[in-house]
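Next up: some structures, all given as structure tokens.
The following pair of complexes shares a single chain, chain A, combined with chain B in the former and chain C in the latter.
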Partner chain A sequence: MNALIISAILGVIMMFSGILLKQKSGVRGIAIGGLVLVLLSNVLEMNGTHFFNVNLHGMMEFDHFSLLFVSVIIGAMLFYFILSARDMEKVGGYYAEYFALLFFILCGIVLVTSFKSLLILFLGIEIISIPLYILTGSDKRNLKSNEASLKYLLTGSFSTGLMLMGIALIYGATGTFDVAKMKLGLSEQPELLAIAGMLLLLFSMSFKVSAAPFHFWTPDVYDGAPTVFTAFMATIVKAAVFIGFIRLFGDTFGGMAPKWQFWVAVLAAATLFIGNITAVFQQSVKRMLAYSSIAQAGFMLLALFAMNQDAREGILLYSVAYSLATIGIFAVLGRMNDYTFEGFNGLARRQPLVAAVLTICLLSLAGIPLTAGFLAKFYMLKAAMAAGTQFWLVIFAVLMAAVSVYYYFRVIQAMYFKEGEANVTVSAGFKTALVVLAALIIVLGVAPELILYWLYF
Partner chain B sequence: MPINYYIFLSIALFCIGIAGVLTRRNAIIIFMCIELMLNAVNLLLVAFSKMHSAAAAALPDAATVGTDGQLFVFFIMVVAAAEVSVGLAIIVMMYRNIHSVDVNFLNRLKH
Partner chain C sequence: MKNILELAYLVPLFPLIGFLINGLGRKSLSKSMIGIIGSGAILASFVVSLLIFFQVKGGNTDTLNYFSFIRAGAVNIPFAFQIDQLSSIFLLIITGVGFLIHVYSTSYMHEEKTEHFGRYFAYLNLFVFSMLLLVMGANYVIMFIGWEGVGLCSYLLIGFWFKNPEYNKAANKAFIMNRIGDLAFLIAIFWIIGKVGSVGYSEVIAAATEGSKFTTTDITGITILLFIGATGKSAQIPLYTWLPDAMAGPTPVSALIHAATMVTAGIYMIARSNVLYSMSPLTLNIITYVGLATALLAATIALKQNDIKKVLAYSTVSQLGYMFLALGTGAYVAAVFHVMTHAFFKALLFLGSGSVIHAMGGEQDIRKMGGLNKYMKVTHITFLLGCLAIAGIPLFSGFFSKDEILASAFGKSPVIYAVGLFTALLTAFYMFRLYATTFRGSFRGTHEQEHHLHESPSAITIPLVVLAVLSVIGGFIGIPEFMMHGGHKLAEFLQPIVAPSAKLLPVHEVSHSTEWILTGVSSALIIGVVFFAWNKFSRKPDTGEATGFGKVLANKWYVDELYEKAIVNPLAKLGGFFNNIFEKLVVDGLVNGVGRLVSYSSRQLRLLQSGQVGSYVLLMVLSILLVFVIQFFLRK
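Now for the complex of A and B:
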């Protein structure tokens, strides 16, 4: 609750700071300081300090899992602000408003991770989506950005329509929006309305997390949006919506698991296949990262399929590992002139430190041991094995992880083994943040219990 | 009237909306079709709300049963309005750049 209210207030403060403050560094300072405040208040809430006493009527529940996840998301967002906030100046003239929208998205993220009523889920998803439509189109003169935002808007609101229909059908079947009171799947006879509603919700959430075959908007939108905002969409928003997805299917439809488990397995396999195979053929690193985010979503779907304790640990670790690595790569990519693979040629010679950090991030995404990405993938596979029904899915996921090594290593190869003129201008602070990021990825790869411990504390 | 009539009517409206989104090429008409989908859901929610409150007429808390469905409708209206305002702004922005609202123009990102 602390994080929700404080980030909403901060969003309003950011809007006014755009009028009152002339210097962009001041706006940035307020945003980063405010985010630290949100993080502190959320950590305090984990320890039992509530600043606000609001009667939620059981519509939301701030349990340990959601609070821990929100802390992790705010931590990732802090890295994102420190690394990429300066790049937002290049997008357009509304610097403070971008931060305001990002804080409003954070409110939506808190709603989605802690909902107990389908109304809150719907509101959370919309509060995340509507600012994202604006941020995608924020580069107003650029046709690609226009096109991406219109595409995102049309597909996004279409999937919202599907989600609402699903919620309405479930309401018809159960008479409540409250997840705890639904008790779906307990009776013997098939509930046609509930099954149709569940399918519609499955489709619309797959849209939002870009699982195949509902992924077609992802590469275009991620490619067309300004790179700073692509980084935010592909990491923080995606991880948060995934937690909402998992809470929805674990809590609401947990009793109906035999009916959807096989189809989620098919969805995961299709997502892994399409994401990885298409990423191999990309020429632009930005577009490759878009397909890689689809591929990683396929891995995260394994948690949805398994839905056991390993899966809860795994999804937490996975969202940290994936978000940190992708934020690092996008932060550097946003400062490159050329987004193709050739654009990275010879980067290691001019910027050895940046190249080394990029290598660690890419290794983590590929799932090489000693990085956080390896353990995250390991937990996911372990969870899918423990579910015990679809053994082929585990083997298929391992094969696809092997395919992913190819396109991640193409970037490393370009940086270290090819001659070229690639260069980036980086400040000392940027380098420090990158090194901290890389250190965190390696530390979590060696000792994941540093995060997982808090799940049981 | 039986609830089935309401369900069939709103599913029909919803399907018209989906068909419109998938076949029309004008961004504004696509947008209208999405609104049609949302309003079909509103109709269905109100019908279900009435159905649940009628079914619970004998229970002690009958007065409050089913009101949450109607509350949801208001939230859908608010969110749809927010979405329309952002959506029309984006369509206007695109019109300024390419002087058309035809979604067939949206192919610069394909490669």
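Now for the complex of A and C:
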């Protein structure tokens, strides 16, 4: 609750800061300071300090898992602000407004992670999506950016329709929006309406996390959007929507698991296949990362498929590992002149530190041991194994992870083993943040309990 | 202090610290500092070992558990030391002889660059550390750690002068040969874990004697595998060929590792597992014949070698064969006794040869020496005493231990005794051929070499003198029963170790009068051979190339060539086949095929991404319809 209200207020403050403050560094300062404030207030709430007492009528519930997850998301966002806030200046003239939109998205994230009513879920998803449509098109003079924004809006509206239809069918079947009162799956044979509604929700959520075959918007939007916002969409937003996805299917439709588990397995397999295989042929690192984000979503779907304790731990670790690594890569990518693989040729010679951090991020994404990404994948596979029904999926996921090594290592190969003129200008502060990020990836790869511990304390 | 045994951890700790300091500080420390740290660490270990020895002698033994080393399911392997009669004797040999050799090395290696000097001492300390782990461990896994550690150090030290490719080849050969044995050892350990669920000596022995966890087949299998491990480390047929080549290392290394300590690890292992072996007559027979054959084969090769260190190396192989012969006949005490006396006189002989090589400016060919007694008095006298001891001249240390082995061989079979005695005569012959050719007659080297001949400095001669004294008197702790009642102090001391096997194994009692006769005959023959060889080679050393059968011996029975043809070449051919045919066609084909498949699918899948929103939505709708159809019409 603390985070929700404070970030909403901050969104409003950011809108005015652009008018009141001439200095861009001032705007940035407020944004980062405000985010720290949100983080603090959320951590305080985890310890039982509530700033606001609002009767929610059971529509939301701020339990330990959601609060912890929001803390992690804000932490990742902080990294993102520190690494990439300057890059937003280059996008267009409405610097303060971008921050405002990001804070509104944070509100949506809090809603999506804490909903207890399907209406709140819908609200949250829309609060996340609408600012993203705007941010995608924020590079107004760029045709690609406009095209991406429009495509996103059109396909997004389609998915919104699916979601509303699904919610309506569920309402028809149960007579309530309240998750706690639905009692789905208690009878032997659930109603046709409920199953149809559940499937429609499955599709619309799959669209939001870009699971195949609802992923088509992802490469075009990620590629067309300004890189700095692609980074945000691909990491923080995706992880948050995933938590909503898991809450929805774990809590609301938990009783109907036999009806959807198979379809999640199919979705996961399709997503892993399309994401990984298509990424192989890409020539642009940015587009490769778009497919990589699809592929990684495939892995995260394994948690949804398994829905056991390992899955809960795993999805938390996975979102952190994936977000940190991807934020790091995008932060560097945003400063490169050339987004193709060739554009990275010889970077290691000129920027050994940046190249090293990038390598760690890429290794983590590929799931190489000693990085957080390895343990995250390990948890996912373990959870899927424990679920026990679809063993082929585990083997398939491992094979696809092997394919992913190919395109991640192409970047490493370009940086270290090819001659070229790649270079980036980085400040000392940027480098420090990168090093902290890399250190976190390694630390979590060795001692994941640093995060997981908080699930149980 | 409650119990001195609790200090046991200090024994390996000192060399480990020495290794770390010398290894890390090899570029910054001075040579004298490195020498003091390296030798001091071993001296400190020796002092603690002495304290421990007296405790053990007073009947105080213990197993010290430090921490849980491996815990996996039901298997729990502690990091533990076992301090008893057997290990305390080995501690004294390792640290005592080790210390002398460290002191010797400070002078012998002095011409090395400081960095390499430090590296040398670091390796040497690491070796002592590993060897101590090997003998102190209370279970087979700790022993295996030490076992591998000494193998590594042996490799590092044989290839110490790594700029010489021949030396590197020798180091590789030693390492690979040892690895073959190590594999067998490892399988034995797994076998034991599989059957007993524990690798502690006491648990394994208890399981073998009391429970029904082991069948006879298990025991025979495990003991044979352990023995194969021992043939690697202790240079027995068929894995002995690395030891002569190991002489590529610095001479003190040959003395410490390839004569006095590491190569006796196999003996220690079998003595440690004596109860298991006593339960398997088949394995004991194998050991007897392998030991005997090795002793004889190596002795014949030594007859025709002209490199001073090669003679000693084959003599080591031969003496190790003797020790296995003793083990095979169930005379575990005799084997340990011979390990000890051999450590004294073989270290002495190697160090003496080092002193000679030093004086000769690196020359190792005895045909170019001669008459060195005039130039190097201390080296000459001590070397002579070493030769007398190894030949088994009465009252020298080798006499007692060798005699005991021969007596137990006689108990088993007179034929084995006869071959053993013949080998002993060969030993006396080639040792005095070596002695006479080197020290007697007239000098045959160049004038320049003669000009440089000198006695070595005291850091070299003092260890020689100490070892010479030990070689002379070392046998008196094991005076056989028929000569003096209660004279075999060592047997008394080791009684608790071998007592359980004594119950299992019938002892071949030989009457005292027979023993007197055997000893008398063998001593007379040996003395005769010594005189013959001394005279023959003092007057007319054989300086030419060997011919006829001698050539076969000089070429070591062509065993290396045989191995080359029978094993190495076919392996290389097989490797070539896999490399050129299998790898290129099958493996590469498979790998590249998968790669092509992925890249082809990638190109096709990419086409789905048309950029048209309409087609995206269409594809989504089609998918949704498909799912609905399957869900509502096809799935139950």
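Going forward, the second predicted complex is superposed on the first by the 455 of 457 C-alpha atoms of A that agree within 3 Å, B and C clash if a C-alpha of one lies under 4 Å from a C-alpha of the other, contacts with A are read in each partner's own complex, and residues count from 1 in each chain.
The rule is short, and it goes like this: a residue touches a chain if its C-beta (ideal position, glycine included) is under 8 Å from a C-beta of that chain, and two chains touch if they have at least 3 such contacts.
What you see is a predicted model; the values in this text were computed from it and never measured.
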TODO: Look at A:130 in the shared chain and tell me whether it touches chain B only, chain C only, both, or neither; answer first, second, both or neither.
DONE: first
TODO: Examine A:143 and indicate which partner it touches, taking first as chain B and second as chain C; both and neither are also allowed.
DONE: first
Open item on the list: With both complexes superposed on chain A, which partner does A:220 reach: first (chain B), second (chain C), both or neither?
Closed with: both
TODO: Based on the superposed arrangement, let me know which partner A:195 touches: chain B (first), chain C (second), both, or neither?
DONE: second
- [ ] Mind working out whether A:74 is in touch with chain B, chain C, both or neither, as first, second, both or neither?
- [x] neither
Task: Which of chain B and chain C A:278 touches, first, second, both or neither - done: second
Open item on the list: Quick check for you: in the superposed arrangement, does A:263 touch first (chain B), second (chain C), both or neither?
Closed with: second
TODO: Quick one: name whichever of chain B and chain C touches more residues of chain A.
DONE: B
- [ ] Could you look at A:154 and tell me whether it touches chain B, chain C, both or neither (first, second, both, neither)?
- [x] both
Open item on the list: With both complexes overlaid on chain A, does A:422 touch chain B (first), chain C (second), both or neither?
Closed with: neither
Open item on the list: Residues of chain A that sit at the chain B interface in one complex and at the chain C interface in the other, please.
Closed with: 150-151, 154, 158, 162, 219-220
Task: Contact footprint of chain C on chain A as seen in their complex - done: 150-151, 154-155, 158, 162, 192, 195-196, 199, 203, 207, 213-214, 216-217, 219-220, 259, 262-263, 274, 277-281, 403, 406
Open item on the list: For a test of understanding, state which residues of chain A touch chain B in their complex under the given definition.
Closed with: 119, 122-123, 126, 130, 133-134, 137, 140-141, 143-144, 146-151, 153-154, 157-158, 160-162, 164-165, 167-169, 171-172, 175-177, 219-220, 223-224
Task: Residues of chain C that touch chain A when the two form their complex - done: 598-599, 601-603, 605-606, 608-609, 611, 613, 616-617, 619-620, 623-624, 627-628, 631-632, 635
TODO: Write out the stretch or stretches of chain B touching chain A in their complex.
DONE: 7, 14, 17-18, 21, 27, 30-31, 34, 37-38, 40-41, 44-45, 48, 51-52, 55, 65-66, 68-69, 71-72, 75-76, 79, 82-83, 86-87, 90-91, 93-94, 97-98, 103, 105-106, 108-110
